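Below are two complexes that have subunit A in common, paired first with subunit B and then with subunit C.
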Partner chain A sequence: MEYLYTLAILMALYVILAASFNFVIGYGGLISIAHPVFYAIGAYASALLARDAGWPIPLAIVAGALVALLASILVAVPSVRISGDYLLIASIGFQLGVLEAIKNIGWTGGAGGLTNIPALLAPGSNHAIYVALTIAVAIATVVLLRWISRGPYGRAMSAMRDDELAFAALGRNALAMKVAIFALGSGLAGLAGGLYAHYFRFLAPGQFDILQSAALLTMVVVGGLRSTWGPILGAIVLEALPQAITFLDLPPSLLGPLQGILFTGLVLIFMFARPQGLIPAGDIWRGRKAMATDARRA
Partner chain B sequence: MLSPLILIQILWTSLATSSCFVLFALAFALVLKVNRIFNFAQAAVMTTAFYAAYTVVGLASGPGWAGLLAGVAGAVAMSAVLELFGFRALRRRQASSMFVFIFTLIVSELISYVAMLIYGTWPATIFPSLFWPVTLVGTIAVSQWDLMALGGTAVVLAATFAFLRWSRTGQSMTAVADNPDLAEFYGIARDRVFLAAMLLSGLIAGFSMFLYGTRAQVQPGSAIELLLFAVAATIIGGIGNLAGAVVAAFVLAIIQNGSVLFIPSEWQGFLLYAFLFLAIVLFPRGVRLPQRKRLVRRTPAPALGPAES
Partner chain C sequence: MPAGLEVRGLCKRFGGIVVADAMELDLAPGRIVGLIGPNGAGKTSFFNLVTGVVRPDGGRVSLDGRALTGLHIHQRARLGLSRTWQNLRLFPSLSVLDNLLIGARVYPGESLPALIAGPGRLRRAEAADRTQALDILERMGLAGVAHTDVASVPFGQQKLVGVARALMNEPRCLLLDEPMAGVEGHAYEAIQDVVRRLAARGIAVCVVEHNVAFIRDLCDEGVFMFAGKVLARGSVEDLIADPRLTELYFGT
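Right, the complex of A and B next:
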């Protein structure tokens, strides 16, 4: 039963990560893959504040999210001047640099990892409470991001993404909007990090590396970029399917690589068989009637 | 106190070690220039090359030259598969650059997991020993590997630039890199040129990975980290500028190796990522040195007004 709880918690956390990542790269058009590093910053900040500074855990989780948000602003201000492939590569440099620093700093636990992180739940508590908590945060995240992306600010985001020059010509500040999108997405990733840290109670830099970036990117793209439900479905499907072989009772030396092969193989199949994603994004700024008319004409 | 002899020794060792990284950067920069792809799947090519050579030499006790051939053949075959079944299909579908990027990253991961499944996660080397005979030249220790790596790199660099400059296919690559539509208009088959660039890149990556595997331990996930160095060098050297990537790789490798004099060795990796981030944020178009004033022969412009009758 505990295995299923753990799986449900991981899925809920990945829903938060995929939805917030979709907000940054899909709605905001900011091609960065450093999302896991803000997940890491939130996790480490929350864990250290609770463990070493004695902060109450709920407060530490919120503070961890704020630290991730502030860190993302510091990175975004110089970085969002560049765009496209360049921003993508810069984000790789930032992510790996921060992880390398975590590996070499003593108080973060170094490469061996950070242990003895206090748990949010008291010993002997029902783990279903934590499942409910993470699912509630995941639902709140999706609702918040959907509300923003479908409102006036979302329309402005869409305009900025599609034609930044025209957007600026209308007197709007594209840089401020990019920083705000990046910060909100990263802050939510930091929140997921705090929730992760106080359940699993162990953090290591390897958990947030470039493979994690590839997994998140895949969840969003395979699920359906810029759609509300696509990344959620992507997170659940791609987290659940590789678990299928855990019941085969294979040795860990085989299980890890086989899960990896299954995951990457599935992604490649999805990329070629359904490149538009499992749930393709509709044009949300056009009425349903107009889209239906287009469909009839086609 | 740092003596000049120690400094020269570090410089020499850094120069020799940088040779593999220079070729990684050249292979990456070539595909970026011609095919316009940030080819992170080069890590898959490098992993294939290493484990092909390791199988022949390390496991089957074959001779070194057979390992080199196997490594290069493996790398070229993987490059061909990537181009024919991956990039070509994605080009036809007009896939976005992000989609292609994800594809390259996922392929690298897939090959790394396959290598992990077959060979395990322990570090491996192509030859059982990483020690090479050392000769003293003056007071500088020069290993046989240093000479082999520097000599091999010089030959590969010269051959690549000569190929691009004088061969028909090389000239076609330059034409496609400059303007793919115009090149096609002049009868150059773009797909063939893209394939040729991938094969050449695979050849270079295969050779350099063999060199690297004879000097250092490699794990299934090592190639992606090695590749990031090539990415940093390519960006700093200026995208589309192969010679710039080569020079930047030399300089970066020497700085990274020489940094042991000033910072603890465990921070060397951090230095690379800091370079990568700062290079893009500060020099997104590469580092451009001030150009020398050229002597230009000025010829009077012809009058464009109506001719006097």
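Right, the complex of A and C next:
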């Protein structure tokens, strides 16, 4: 039973990660694969604030999300200012740099990992509560991002992706929008990090490396870029698949590479055979129903 | 305070190609000025320099007495500088109406904090922008396609949408880049009509156009550009009649 709880919690956390990553690369059109580093920052910040600074855990989780959000602004402002393409390079550099720092600093637990992270749940309490909590946060994330992307902000994101120059010439601040999109997406990843840390109670830098980037990218691309349900489906299916593989009773030395091949293979297959993903998003931006009927009345 | 657009000593070269050579030009409120000249004279580059798309090597640009030099593209637009594009640059993933809404002078929906903090203000702004956009579409005979995807509207109407979108920020100065290329019939009349009405409201208008008849029908005066410089300014008739300019135009 505990195994199923763990799986459900991981799926909920990956729904948060995939939905927020979809917001950044799908809706925002910002090319970055460093999403896991903000997951890591949220997790480590929250864990350290709770463990070493004695902060109440809920407060530490929120603070962890804010630290991830602020860190993402520091990465985005200089790179987006030059050109969107630099974000990819800057964010990968940032991801590698932060993970390397975590490995080599004493108070983060180093390469061996951070242990003794206080748990949010009191010992002996029902783990289903945590399942419910993470699912509730996942639903809130999806609902918030869907609400944003179907309102005036979503309209502006669509226009910015279509033609940034024309967008700017109409008085819209593309730079500020890109930074805000990146910050919100990264902050939500940080929130998922805090939720992870205070349930699993152990963090190691290897959990947030490039393989994680590949996994998240696969979830969003296979699920369907810019669709609401795509990344959710992608996260659930691709979180379940590796678990299913472990039932095949293969030697552990094969499991890691096999998962890597699976993810990369899936991205390649989908890029060629079904680039729109399992659940395709329409090419045309449609606002909320309320907005549309509103317009027809006017 | 000087009103309208003022350009002083604008310079820009790309390697050996000079697109603006100490360019000087005033666009007065309420006047429609036609910018003519051969291809490569620097007409579109002039628009790009004034709107901030391209950074000049030197010179000053001001609108209604406010310096634009050094401002970002979107900041200039917010001060009332509006333009259209030779190749339209509409947003293909949006409807005609949504294309216009993006151009609203104030668009609180572009700020995430504003979005989350003040949904009421946002709704009011959206409602006002919608009314304004539908009004512009109505005047330009586009009301019927307001909710159609812009990419599936005929080319002539797309040109009109490009102009309509540029009107959403209530410009003080409007720069039209070849509004007539590929347009005939109804759109021709509609664009002339709209531009005249804008000028009557005190907006400075500058039109780059190869269709000389259109320029002659519409513009109060013409400016002849060649090699990044203003060579002559006067009535469009006089400019067309000048054999020296005709020679430059046709490159004989």
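One rule holds in what follows: the second predicted complex is superposed on the first by the 252 of 298 C-alpha atoms of A that agree within 3 Å, B and C clash if a C-alpha of one lies under 4 Å from a C-alpha of the other, contacts with A are read in each partner's own complex, and residues count from 1 in each chain.
Quick note on the criterion: contacts are C-beta pairs under 8 Å (C-beta built on N, C-alpha and C of every residue); 3 or more make two chains touch, one makes a residue touch a chain.
The structure displayed is predicted, hence computed values, not measured ones.
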Which superposed partner A:104 touches (first subunit B, second subunit C, both, neither): first
Which of subunit B and subunit C A:156 touches, first, second, both or neither: second
Partner chain(s) touched by A:210 [first = subunit B, second = subunit C, both, neither]: first
Subunit B versus subunit C as contact partner of A:78, first or second or both or neither: first
Touched partner set for A:167, first subunit B, second subunit C, both or neither: second
Where subunit A meets both subunit C and subunit B, residue numbers: none
Subunit A residues within the subunit C interface of the complex: 148, 151-153, 155-156, 158-159, 161-163, 165-177, 180-181, 184, 283-285, 287, 291-292, 294-296, 298
Complex contacts: residues of subunit B adjacent to subunit A: 38, 89, 93, 95, 97-99, 101-103, 105-107, 109-110, 112-114, 116-117, 120-121, 224, 228, 231-232, 235, 264, 266-267, 269-270, 273-281, 284
Touching residues on subunit A, where the partner in the complex is subunit B: 25, 31, 78-79, 81-82, 84-90, 92-94, 96-97, 100-101, 103-104, 210-211, 214, 217-218, 221, 253-254, 256-258, 260-261, 264-265, 267-268, 271-272, 275
Interfacial residue positions of subunit C with respect to subunit A in the complex: 51, 53, 72-74, 77-78, 82-83, 85, 89-95, 97-99, 101-103, 105, 107-113, 115, 122, 126-127, 130-131, 134, 146-147, 149, 165-166, 168-169
